[in-house]
Each structure stands twice: as structure tokens, then as C-alpha cells.
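Next up, some structures in C-alpha cells.
Shared between the two complexes below is chain A, which pairs with chain B and chain C, respectively.
Presenting the complex of A and B:
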């Protein structure tokens, strides 16, 4: 009966709040949700002149072409997956180890200095990072080849050899992110009960043992949450750094879904096909994160939501 | 208490010193080379300190019109983009921090969902194109205006403000909008500073939007120009060397390092201010994220 009055009253109560929320609402509608509906392009033959709505429906044609007829599909899947997996295997433990080591430093000034320095690369753009990599790895007087040269080896043109791409990508990624990644673990470590350390010490545990049996168990919940997030993002390797770092000579290991989408869509103008590839990537990533979260919920008591 | 310095500590300290060197030396090397004379660099004399100190490379860099255009554009995008981002994000976050707000839960859910799933590159491009802002400053500023992470940080902060504050404002006859601008904003300067710095650095470093949405070189930010000068330039030159007769390397390493440093210096200068805020910011967001 009076179910509507409270609603209208609440609406009236919120009118100024709604007004304040309006710009953000417009942003989410236009730049987040409109592109989600724009996904219909993947099921149509997009025609620039007709626009999104008037273009003809083609159903799953582009998904079929991409999954079953495109010889590049397996390569792209492999590259995207492996780049994610290697980044995870090498990049995920690095900040945990660094945080544990930082936690053991006795001088707080030294600790803060190391932290401040190690955060720095996080704030340097990918363009600058890749510029540095390009310069340092250059066969023509680059720093790395200069060092190799000291040992009498010939200069190597690292960026044109596909076997080096993943190593370069992953190791530079660790360099960029290891310090920044420690923040959350260090915060978790401050929450570990100091009595546990004292008790362990009384039991004769050295620093190494205390790290293993007190510090690490203390941060396991945080590790699991971040692991879920990372596994969920396994196929979500960003466009920017790969795009900056790769060149046609290393497509065999470097070309991933997002860079392929860029070339097919924006360079060749095949919007529908490119969207289908992007949607495939996005949906698989979404399933991955939901699945890992469910798995974590069942085996551990931790989950994202 | 824990007393003697053992083997563990020594190894640990050595590892940490190693980390500092590995992090800073690349920057230091670039600075040294970019401040050295050409001859000394060619002879391989520059390893740590600059040799034959000169500011000549930087003069050349800052006299290049492309760098000038890039600087102008990047500063404009960073200033306008940060202002828009701060306003839209904080206003939205304030609305969502008030329990009275209608559809509060539903809206939060819809916002958080965008972290997990999005339309992707091409549909976003088509939206920007349909809006008619392709190849304009707005394409650099609007698509990233509201960051969900920043919104959550703001919201967490606003939720922590005491309720009495609002009551006193309401007694003075302020509605929610007045409350926000007169009371909440002045009390939240530190959060605005933190998010503002983050947002400005993000736009300063943004390459993605430029490569997707911009075609006109007059609109290119520094990141695009740096990429054309260094990454593409070096690759093209080296491929030319490899494939055909030796194409001369037009620009020297010193000039390239000077270019890299010139585009990064503002970030390095800003860094001490940034680092005061960022840890707090990260923690604030993750508490209730």
C-alpha cells in the first residue's frame, strides 16, 4: 500500500546526493557500460557509415573464424597465457621475499631508504622503461652489450630475437613492480603479533626459522587473496608494455590478444573481428577470476567477495 | 632482545644494497651520459661520473619543437584531467558514502563490476568516436576520468568523517551540496592531494589513450613523442643498419638519454611529495576495497 511513499521520500532525500553523483554516473554509463553494450559489434558486420545499430547481424561468425579458422589463434593463446604465467611464477613471489627481508632489517632508517628507492620505478612510465630497455640492450654500444663485450662475446641484438622477449618482459616487470608490491605485505606483517616472535625466540628459533614459521603464516591470507587476483588476471596482460616492446621480428613469442586486437581493429579497420577477439579474451579472463575465487573459497576460508 | 648481528643480517643488508644499486644505477647512468661530452662517451669513459661535463644535450632537447609541444600537451592533459577526475570522483564518492543515498548498494555493485569486466579496446574506441571527441584533448581526459580505485579511497575516507559534522552543517541550513563543498572538501585536503598526485602522474605517464585516440601530432603528449624518438627511432635505425648499408645513427645515445631524462624529471622531482602520500593512499583503499 504505502510501499511507494518511502521510495519517493527516499528519492527526495537523496536528490542533492544524486546531483553530486551525476558526473560519475555519466562517466560509468558512457565510458564503462556503453562499451559493454558496444560488444554487440562482435556479432555484427560493423559498417562505419551505417553505425553500430544499422549494421547487419552475423551471429557468431567472427568468433568462429577466430577460434577455428585463424591460424594465429593458438599462437596468441599460447603467448598471452605464457607471458601471464611467467610473470606470475617469477613476479608474484618477488615482493613477498622482499617484504620478508625488509621486515628483518633492524635499522628503520635503512629500511625506509630501501623502500623509498624500490618504489621509484613504479612511477616511471612504460614508455620510459621501454626506452631504457631499448637503449641498454642496443647492440650498438648499449650498456648490456658493453658488459657482455668485456667477456669477449659478440653483441647480441636482444630485441630482435624472439627467445629473449619473455625474459626481457618479465624481468623488467619485476624491476618495475617488486618494491611497490611489498606495501601490502609489509602492512600485513605489522599486524603479526610480536608475542609470537618472542615465543619463537624462547623456543630457540633463529631469524630464519622465525621468518619461516611466524612471518609467513601471518601473511598467508593476504598472499592467497593476491594470488586469486593474479590468477584471474592471467590472460589480462596489458597492452601498453608489450606494444611498446615488441616488433614484427618477435611476434612469435610477443604477440598477444590485445596487441593483435589493436592491429586488426585500429590499423586494419576490422572492428567487428577485433571486438570478437577482445570479447573472447575478456570473457575467459572473467571466468578465470570467478573460478579461482570459488576454488579459494572452497579450499581456504579466504575469498574476494 | 634481539641483539647480535649475525650472518643473516649481513647477507640481508648486502642484498638490500644490491637492490638499491640495481634500481638507481640505470637512472644514474643515463644522467651521467647525458651530461658528458661526445668524445668521452664514444671512448667508453663514462661509467659512473659524467666526463667533460656539458649541458649541451639538454639544450638540444629543449630546443626541439616536438619536445615543446609534448610538454605543453602533457601539462594541459594532466592539469585538466586531474581537475575533472578529482571533482567527478570525489562528488560521486561522497554521494555513495551517505547511507541515505538511494540505490546505494546497487550502484556500488555496478561500479565494482567494471573492475572485473569491460567492453575492451575497440568498443571503447567506437564510443569515443561516436561522441566526436576522437583526436581532441577530451579523448585524453574523459575516458579515464573516474578511477574506481580512487573512488573507493575517497568513499572510505568520507565514511570515516564524524556524523556530528554533518549535523552541525545541516543546522546552519546547508543541503548536501553545500555540506560537501563547504565542510567535507576543506577537511579532506590530504586525500585530494594524494589522489590528485596519483592522477596527475597517471596522466603524465599515459601512453595507451594517445596511441588509441590520437592521430594528430600536434596533440601528442610527451609519451608519444618519446616513443617515436627513442623506441621507434632506435629500432628503425638498427634495422636499417642490419638490413641495408649502414644508415647513420642520426641521434647519439647521449641525446636520447637526455630526452628520456627530460621527460621523466618532473616525476622525479614530484617523487618526494608523492611518496609521503602514496602508502597511506594504498592502505586506505585496500581496507574496505
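Presenting the complex of A and C:
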């Protein structure tokens, strides 16, 4: 190759592309990068009247309060982390498996029906889902307890027992999200070269072996990318569903960063404290996403960047 | 040539799009204060000046959204010679208020609720200390002299008053115990006077109605009321006998109150789904004879009766005289302090008019306007007493159509106006319930440092208590572990918090 063409010439050549990119760039600059200055609020004692710049600088005070003086910090960390990890371990493979199974179906009507029915729950609001869960698990006539009663056991008040909270949260989450998640994987599966399937069949591979050696390797890049993205969001476990589902009896496993912040930060109007917690979440998410990306690059050669 | 044209058209479209989007997003914050001529001539009567424009932001309640043309704004404006330009906070008021202040563009008058928020923003310098301008507010000064405790409860740690005091809009008390009078009469059950008798009555009710949970206790919050009837409280409180600040949930009387609930849950007298109940479930249980005693609000007597009488014409919800526990008198609740009002922005350009307006709300005439409205339009005088005209059907129409008893214009309110809207049943319950209200509790106001020093500990204690009290009640934790539970609370720094309470209270008593 000759030396690279001078910068200005390259700029001129792609001026239309840059122009097209301009609105998106402006959007990100204004709405995503500029607000990052707000992080400084976490290091200040924010006085709403005096404004951000005039407020006193307190350094790491709120971080110290949150991380070290807070007796519940380890509990919150453990709960948030475990809820996220369990959702990942159980909830991540589910759409993949469903997509692989759907891919094997021959009857397209059945396939389409199953797809539609399975991603309907995604559109139902968390409030409705939690109401349904409360009804089904009710110790006083709920469906699950009625079934338990048939086997002769006493009704169990599931929602009051901390040991059940994660199971309830994760399994309802799977039911909510599995159908929607299959969409991407099914799309990726259609991109797998049909010749590979034929070649495998010729070599004597049965259904199962074909899935294992053709389908799965075909969608590995998609799996990795989604995995990286999901891990980055690990500590950001949703506020809404946990808040609706929990009660004081299950705080031991159900109280997470966001519900804690809601009770403490919001109700006291302490912006600095709430921002400090948000910054902490962001930093941890960033570390996780960079680490996972690096791991993926080294082992699989597929990565986000 | 064609390429040039298409470039030009693209650029024009782009510019048009950017222009359209940017003007749409720029919601001008609440109309910037109009600076009218400052009152130059102090000797002139206010009524000879043209009315000063005052901007005001209040809570826009979803049931009666703010309407700039409400009668109450016009009339009050006439009284004080101001022209009110009223708007509502966008979204939840507790989130919107800090945003309005942070924006730097505050209206002249801002409605706020509760001492915490006014101390926070007053301390930051956003609000005017009304006590510095009492010379301009003679009516308010006279009113404060007659209502010193109400005002004292609003003072900051350095003795400043950032919000006008208020009284009367929601009566003197907040909630009350209700029960199915018809069920008790039908089964010849006597109204219990103590919690032991209450337990027996509940057991009898359970025998008569095996599928019911006679006492509706949705979560540990009901301890707020029950603890009061046992002579303690569900939080930090000032004990008038010992003259000390104490924490209810560690006390012996609280243990007895808790034991009542523990036994009640075991005997299935309170809902087994303790902790997961919501309003809909409550209404369902009450109207289908699954629950007979519940804590609620005076307006709910009517709403429950109306809901249920379609199917069950004998259904009658009435005031349930609260039984007492451990030898203490029973109470519905504590005297209610209505702590909402207006604050004046420290950078307002119309402070004089603002003070004049606030002062005018503490005259008898204004009290009549905000409670009853305008004679001939909303009320009439019958035998010397005020009576709403038929156009005011209930509290909802009163607010929606005329703005009566809405945020910001209910400082000195005639509670008789509220009572006049009750039907006979509710009125009887209201009057009876008023006999069982405990006096208002003492208040401790903290400095910022004090508040920060105890905030974490308070949070941790509160979480520990709510978790463990709930577990005691449903039997997940046996009451034999009570001492371990008290030790747990003490270990979280309870004595430190109590010391700060004493310190702050002592300071306010000087």
C-alpha cells in the first residue's frame, strides 16, 4: 500500500457519511456524554439552590458512607449480585435452547404459534405480573398451594420466605423474557449456511449431533455479544419488579441497591448520596463489561470491540 | 445539477427538523416572574395600586388538577390585591421541587409539604425566613400568637420559619378504626374495651364466620396504631411521663402489643397473607364479609358503605371505639398536624406582594373564602351559619370546580365546611372518633450534621425492626427471641440516635 492518503483528503471523501453520522453523534454528545458532568454531584454536598459549582466539595464522603459505614452494604451487594447472576445463569440459556428447539420444528404454523404465544409475556407490565404471582402463590387459595394440598401438605406462604425469593424472581423472569429473547437467536440461526447441515447429514450426523456441531457454533458470536452486554448490566437488577414483589420479611435476600436507594436516597431527597450509589453501579458495570470483553476476545476471538 | 438540488433539499429538511425539534423541547419553566412596578409609595393603600402579579407553583393533585381560573384564586387575589399566576409541579412534587430550585428560576411562591423539605431548602438559602418580615404580616403574627405549638413545630434548628403554618383543612386527626356495626349487632357482640376482650371477640367472629380474618392487619405498619393504644409507639417518641425520648419497638408494652398480633396470626384472626396485601384485596375482603375491623379514613365509611350496600343492604361501617392495651387508653391516632403551606423564594422580585398575600390568608374573610367560597355562588347563609349550595356536591366537586381546599390556598381552613359535607352516618362517627385522639407528639428538629450522623443508623434500625417484627408476627421467629432482637437493635447504635434526639430537643426548648 502507498502511504495513507492525507487526512484532509480522507475527510473530504467521506463527508457525506460524516454528515449522516452527525445527528447521532450530536445526540450522544448532548444526552449521554454531557450529563456525565453530573457525576461531580457525587463528590459534592449538593445544594440545590446554590447550584453544582458552588456546592461544597466533600470528596469521597458519600462513597465512604455507602461502602463502609453502611452496615447493610455487603448484604445489598450479595443480593444484587446473586439476583443478577442467577438471572444470567438460568435466564440466559433459556432463549437459546428454545430457539434451537424451534429451529428444528417442521410445521411452520406450529412454530409461529409457539413463537407468538411465547413472547406475549414480554409485553405484560411488571405490575400485572407481580399481581399474578401474588395470586398464584397465595397461601389462601392460590393455585400452587391448592396443588400442594392435593398431595396432602400444608399451604406454604412463599412470598414471606426469603429462601424462595430468588427462585420466584428468576423463574418469573424467564417466563417473561424467554420468548422475546429467541427472536435474535432465531434470526442468527437462519443465517447458518444450509449446506453445512447437508454436509453433516451426509456424514451421518443425526438431529442432535447436527444441532451440537452446526447450529450452536453458528450462533456462538451472537451468544457472546449478548452475554457481554448482559454481564455489563448485572448490577443494574431491575428496581420495579423487586420493589413490587418484596416485603420486610424477605429483606435478607430481596433488598438490592436500587430498593435501598429508593428507601434512603429518594425519601430523604439526598441527591449526592443517590448519585454516589449510581456512580458506584456504573463503575462496577464498566469493570465487568471490560473484563468480559477481554476474556471473550482471548478465548473466542469474538468481542464487542 | 441534480446532485446540487438534492443536496440543497436535504440540507433544508435537516435544518427544518432541527428547528422543529428544538423549539418543541424547550418548555419554558413556569412563567418567569413579571416585575411590575415596585410599590414606590408606601403611604398609598394597596387597593389603589394595580394588582401585583405573583407566580405560584403548587401540587397538582391528580384528583383535582390545577386550574388557573379557579374561583378561589380570583377571590384571594382580590383580597390581597394580587393577581395569582398558578401552575402545578410537573410530576411528583417531592422530585419537582428540588428541580425547580436547582433551575434557578423559582416562582415567587412555592407550595411545600413537611418540615424536612422546607428545612433542607431553607437552609440552602432558597427560602425567605418569614419571621424576619412580621412587620409586613400583622394578621399572621396575631394568628401565630394564638397557635404557638403549630408554629413551633415548623421552626428550623436556628429558629427560622420558612413556611406559613396551617390548620383545619383536614380536621384535627387523620385516620380511625372502623368496624362492621351491623355484624356486631346481629351477633350480639359487645364492643371490646381492652385488647384481651378484643381477642375474645375476634375468636367468636372466627367461629361464626370460619372463612374470615376478622381483624384486617395488612403489614407491620398497623403497629403504628396498635402501639399507640398500648402507651408506646412504632418509632422514636417523646414520653411525657419520663420526659425522655424513647424508641417504642424495644419496650415492654410494645412486646405485649406484638404478642397480641402473634397470637392473632396463629389463630388465623388476621390475614394469613400478611405482608402481601394491597388496597384491592382489602376492599374485596371487607365487602365480602371476610374482614370486619379495619383502620381507615373518615371518607371510607361512605365509600365502603356505597360499595357493599348494593349486595348487602344491611352493611354498615362505623367508628370502632379503640380498645386499650396493658391498661392504657385506646386511641385512633395522634392529633394531626397539617404541615403544608407556601414558601417565598429568596430571589423573588415581588416579596412585598408575596408577604401581603400570605398575610391576607390569615384573616377571617380569607378563611371564609378558602373554606366556603363566594356567597351566592357556592354557599349561602342559613340562620347565621354557612351552608354549601347544591352545586357543591362533595369534596371532589368542591375542589375540581372551585379550587376549594387545594394545595396552597388552605392555610386557615374552617373544618366545619368539611363536616357539613358528611352524611349523617359519617358525621356521627366523626364526632365520636374525635373523643379518642391522642395529643400530638413532640418534635425534634435536627441540624444538618445531626441528621447526617443518625440517618444511616436510623435507616438500619428501621429496616431491622420492620423485618423482625414482621417475622415475629407470622411466626418465622419465635417471641422467645425477643431479647436477642432488642440486643440487635441496640447494637445498631440506638443509644447514639436517642442521644441526638435529646440534644436536638433540648436545644429547641431553650
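A few remarks follow.
What we mean here is this: the second predicted complex is superposed on the first by the 261 of 305 C-alpha atoms of A that agree within 3 Å, B and C clash if a C-alpha of one lies under 4 Å from a C-alpha of the other, contacts with A are read in each partner's own complex, and residues count from 1 in each chain.
Just so it is clear, contacts are C-beta pairs under 8 Å (C-beta built on N, C-alpha and C of every residue); 3 or more make two chains touch, one makes a residue touch a chain.
Every value quoted in this text rests on a predicted model; they were computed, and no experiment measured them.
Shared-chain residue A:123: touches chain B; no touch with chain C. Number of chain A residues touched is higher for B, counting chain B against chain C. Within the superposed three-chain model, A:263 lies in touch with chain C and out of touch with chain B [touch as defined at top].
Of the two partner chains, chain C is the only one touched by A:49; chain B is not. Contacts of A:69 after superposition: chain C is touched, whereas chain B is not reached.
Once the two complexes are overlaid on the shared chain, A:251 sits against chain C while remaining clear of chain B. In the superposition on chain A, A:271 makes contact with both chain B and chain C. Comparing which residues of chain A touch chain B with which touch chain C, the overlap comprises 23, 51, 134, 138-140, 157, 159-160, 247, 271.
If you check the complex, the residues on chain A that touch chain B are 10-11, 13-14, 16-21, 23-25, 27-28, 30-39, 41, 46, 51-52, 98, 101-102, 104-106, 110, 113-114, 116-121, 123-128, 130-132, 134-136, 138-141, 143, 146, 157, 159-160, 175, 179, 183-184, 187, 201, 206-208, 239-240, 243-244, 247, 258, 261-262, 265-266, 271, 274-275, 278-279, 281-282, 286, 289. Interface of chain A with chain C (complex): residues 23, 47-51, 65, 69-72, 134, 138-140, 157, 159-161, 247-249, 251-252, 255, 263-264, 268-269, 271.
Residues 14, 94, 98, 101-102, 104, 116-117, 120-121, 124-126, 219-220, 271-276, 346, 455-456, 459-460, 463, 466-467, 469-471, 474, 476, 492 of chain C are the ones touching chain A in the complex. Listing the residues of chain B that touch chain A in their complex gives 2, 5-6, 8-9, 12-13, 15-16, 19-20, 22-24, 26, 29-30, 44, 87-89, 91-96, 98, 100-102, 107, 110-111, 114, 116-127, 130-131, 142-143, 145-146, 151, 175-177, 180, 201, 204-208, 211-212, 223, 226-227, 230-231, 234-235, 238-239, 241-242, 249, 253, 256-257, 260, 263-264, 267, 271, 274-275, 278-279, 282-283, 286.
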